[in-house]
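Listed next: structures, encoded as structure tokens.
Next come two complexes, and both contain chain A; in the first it sits with chain B, in the second with chain C.
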Partner chain A sequence: MAYLIFTLSLLLIYVGLALALHIQFGLLGIANFGVVGFWGLGMYAMGVLQVQLDMSFVDALFLVLVLSIAVSWLMGWLVLRLDPQATLCATIAFAAIVSLLVVTEKWATMGVVGLGTIRYPFRIGGGTEYLYFAFLLAVVVGLQILVLRLHRSPTGKLLQAIRDNEELCASLGKNTFQVKMFWFVIASVVMCLLGALSAPLNQFLTPNMIVPSVTFAVWIALILGGKGHSLGAVVGVFVTFGLFDILIETYAPVSPELAVVVPNMKLFLYGLLLMAVLIYRPTGLLAPTTPPEHVWAEIRSAGIAAGRGAMTLFQNGKNAIQNPNTNQPADSTAAQENDGAADGKS
Partner chain B sequence: MSFIIDAIFIGVLQASPLILAAMGFTLIYYLNGFINFGYGEGITYGAYFASFLNLSLGMSFYLSIVPAAMMTGAVSVLTYLYVFRPAIRRGVKPAELIILSVGLSFVLRYGLILMVGAENVFLDEPPIAFFTFAGTGATSLQFIALILVFTFAFNLYWLIYHTGFGEKVRGLADNPDLAQVSGIDPHRVSISVWFIAGSAAGLAGIFQGVFALVNPLMGWNLILITVMVSIIGGVGSVRGALIAAVLAGILTAAITLVTKPLYAEVALLSAFIFILWRRGPRMA
Partner chain C sequence: MFDVQNLGSGYGDVQIISELSFGVGNEILAVLGANGAGKTTLLATLAKVIPVRSGAITWQGQDVSASPAYELSKRGIAYVPQEGNVFPNLSVAENLSLGALVGTRPKEDRLTEVYDLFPRLAERKEQRAGSLSGGEGQMLAVGRALMQDPQLLLLDEPSAGLSPLYVDILFQTITEARKSREISIVLAEQNAKKTLEIADRVLVLSLGRMHLLEAAKDLSMKRLMKAYHI
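Let's look at the complex of A and B:
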């Protein structure tokens, strides 16, 4: 049971990471392939501050927040003006730098020996893990509500518009770089803080936790669930992490010799799944939707406009019949229609 | 002065796999316009094919080089035919093609681990002669690797810049529509390019494997620096990739001589991010 609660907590961390990535990639189109860099930075910063400097959880969390804002801002400044492929490479390089520094800076991180033990922020007998799980649940639910609200808000529409056509948004007077920067930093800080929150969960940190497969797991979850849908991140994490790491690794009757193969099998299948989704269903399981009321409003306004147009034509026609001297408007409309038809043919 | 000679010498020797990998990678990037992370697995597969021929079939190491490289080329062509070509035809955009290629690299890497296991493999090296040259030492194996690398590099260079085939490749990369109207078959040219690039990756893997050891993560460890070197060298410039790879090797060797090898990697990666930032929205 203790192991299950640990895995469920980790699932929540992944949901949070996928939600942050949804803001970056799904809404803004920033291909951040350095998820594990931000997450690992937050986790190790928390570990170092707590173990080496003996700080309290809240103080350390505050310092991680400050550090993550600085790092995310610097990364945003470096990568956000780049071509999407260059952004992807630069963020991968960032994650690689973080994982290398964790190994080299032994005075702080203890290198490959590992860093521990990181305490929970509170201790209430046997229920600590459960309370911490509830705390993580509250954080992730809050994040999901934020994303849902963002989708409905004008800001969400602006982010999607920047993703689809940045030049157009800039020409309409939006400072697109500033908007991208703001939301990139918010999402990256969320990743760092989720890392800080997973430090007590893991208790003992080693450099082999900061591996590209973490980034990859978050990406596959988001792409599979639906990168443009507000619930895609949750669905994707449940289908990938929930299915493999909880159902199969916890409940499937696997013999010890097969158990060694399962993690490799998992990453193999993740890769296959990702390829299939990208080729055959690029939107993921949940296709991005426009809220129904919004669609109806559009249809209604289009209907009203069509009706008004018909009325005007009708009025013009009636005027033309009633007094033939002033039939100029009807003629010009007809001429324009002829022009249009000619254009269509050519 | 001896420090500079050491750095150049060690750098060029160590960089020989990187030179091959970067030149092959840049060809695919040039022709198809996306970064193929699956290319890194070509490096791993080359080393494993060589280890199969060398250890399981008992061939001599030197004899196994060419068949292993060609087998890797064939794998590369298969990934093009069954993964990337269908995806491009279905209109998958470059940014998503990269993610697709990362997915492919996971499939290839963990598929390999499922088949042969994740243990380190050591190639059966031929007897090594050690000799000194201009004050620094090197093994016969390193010299042969270096000669092969530069032969391959100059042949590739000649192929791209001085033959009809190279003209077709450059034509297709610069203006696919015009090239097709002029009667160039994009399908055949692409298959040749993916084969050449895959073979280059395979050769890189064989030398990387014989210099150190063979394991399933070797390609992933080398692909990031390969991508970096190719982008810095200029998209599609085989010449640029060659120069950038040699410079990266020398720089790594120089930093390694002063501090730890891992700091050299950190410095290179930081330099890479900085160069990308300096270039701005322009990729090449």
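Let's look at the complex of A and C:
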């Protein structure tokens, strides 16, 4: 039961991260690929302040807030004038810097040895984890309500207008850079604070927690759920993290032999689900839209070509196993099929 | 009121507008010229969507050459670009409401006025702007600019791609708005015949330079066509 509460708490953290990313990318169109950087910064800052400086949870949280505002503002100032590709690269670089600093600055972070133990803000015996879960739930529900209200508000419409045509929006009398900066900082600070709230959950922090897969998991969840829908983040995290990490990986009745395969299968199924959603519902599960007929035709021909290619590869592999001394495909049919696949793709 | 002196602008290494000087009073100033003459670049520069490279723009006695686009909007200059002039994912009403980001009059009053000018927009106020027809989209763009309560309106080829019926409606509305609100208008157009009917003065551009600036009533279509082919 304690493990279930732990994983559900993590799920809430992921929902919060996806909601913050929804504000940045879904509403404003800022491609922040440094989610794990902000989250990791908050988490390690909380750890260092609590463990190394022996601060209380509340004092540490306040300092994390101040630090995250400063860092988010600096990042916003650096990246918000860049084009989307450059923003993407710069935010990835930011996450890499945070990850490296955690390893190299051993005087504060203890490097690869790890940092712990981080305390819960309160302790009520066996019910601490439950109460902390309830606290996280309240935080994430509050965040979701904020996002729902933002969507319907004139501010939300302004953010969408900036995302769709920033130049036009500027000619309507809004300093679009200031608006983007404000909401970028708000969302990044939320990511940092969610990191700070993750620290007591993990209790012991190691550098291998700050890995790009956290960013990708949040992005996949948001895209699956629907980046432009106010509930897309929640649905996306439940479909990915909730379904695979909690339900299948933890509770599915799998034999010990297959248990090793499950984590890899999870990644495979993540990818498959993402492809299916991108093909059949490009704007996400919660955005009711169907691609036009010419897109369907392209999807069909690409699927047929990919199927032919896969069959050819399978045939070639089979032949190579049966005739290990032959480098070329055993028969010309495979080569012809290969040509056919290439034609189909073009 | 609005004064342009030795204006120069362009994109990257390419200089499009050179040494252009003119003023705009309480009138409709039509900017005409062949394709590539620099009409769109001129209006985008006046709206500060692209920066001024040389020269000066003065508005109500103040130099606004270095002001960003949002400052000009706050000072009463509205701009309707030729393309990408609506927010496709927002509804008609939401598009119009964004026009009320500047100005002091109640938004509802301004919305009522725009709906009176363009009844078609009132019928479609809940519809996504991306699903409007070309003519309705242009009406929406002009309507949103009027929501800004502008003193100067920069219109870049509002009739481009519209059917004759929509062109008539649009030009009629522009004339009505000009008369009822006393808005100065700079109107870049390809439709020379229609433009001559409503313009007070005409500026003909050729390769980014001023070729002709004269009162519309003194300008015959024959002379205008000759100017196009310089």
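Assume the second predicted complex is superposed on the first by the 282 of 346 C-alpha atoms of A that agree within 3 Å, B and C clash if a C-alpha of one lies under 4 Å from a C-alpha of the other, contacts with A are read in each partner's own complex, and residues count from 1 in each chain.
Please note the rule applied: a contact is a pair of C-beta atoms (placed from the backbone, for glycine too) under 8 Å apart; a residue touches a chain by one contact, two chains touch by 3 or more.
Given the structure is predicted, the values throughout are model-derived calculations rather than measurements.
Participant: Is A:252 in contact with chain B, with chain C, with both, or with neither (first, second, both, neither)?
Facilitator: neither
Participant: Between chain B and chain C, whom does A:101 touch in the aligned arrangement: first, second, both, or neither?
Facilitator: In the superposition, A:101 touches chain B alone.
Participant: Quick check for you: in the superposed arrangement, does A:31 touch first (chain B), second (chain C), both or neither?
Facilitator: After superposition on chain A, A:31 lies in contact with chain B alone.
Participant: A:270 in the overlay: touching chain B, chain C, both, or neither? Say first, second, both or neither.
Facilitator: In the superposition, A:270 contacts chain B only.
Participant: Given the superposition on chain A, which partner contacts more residues in chain A: chain B or chain C?
Facilitator: B
Participant: Determine, under the contact definition given at the top, whether A:171 touches first (chain B), second (chain C), both, or neither.
Facilitator: Touch partner of A:171: chain C, not chain B.
Participant: Contact residues on chain A for chain B in the complex?
Facilitator: Listed in rising order, the residues of chain A that touch chain B are 29, 31, 33, 78-79, 81-86, 88-90, 92-94, 96-97, 100-101, 103-104, 212-213, 216, 219-220, 223, 261, 264-265, 267-268, 270-275, 278-279, 282.
Participant: Of all residues in chain C, which touch chain A in the complex?
Facilitator: Touch residues, chain C against chain A: 47, 49, 68-70, 72-74, 78-79, 81, 84-85, 87-90, 94, 97-99, 101-102, 144, 148.
Participant: Which of the residues in chain B end up touching chain A in this complex?
Facilitator: For this pair, the touching residues of chain B are 34-35, 83, 86-87, 90, 92, 94-96, 98-100, 102-107, 109-111, 113-114, 118, 220, 224, 227-228, 231, 260, 262-263, 265-266, 269-270, 272-274, 276-277, 279-283.
Participant: If we count contacts the way the header does, which residues on chain A are in touch with chain C in the complex?
Facilitator: Touching chain C from chain A are residues 154, 157-158, 160-161, 164-165, 167-176, 228.
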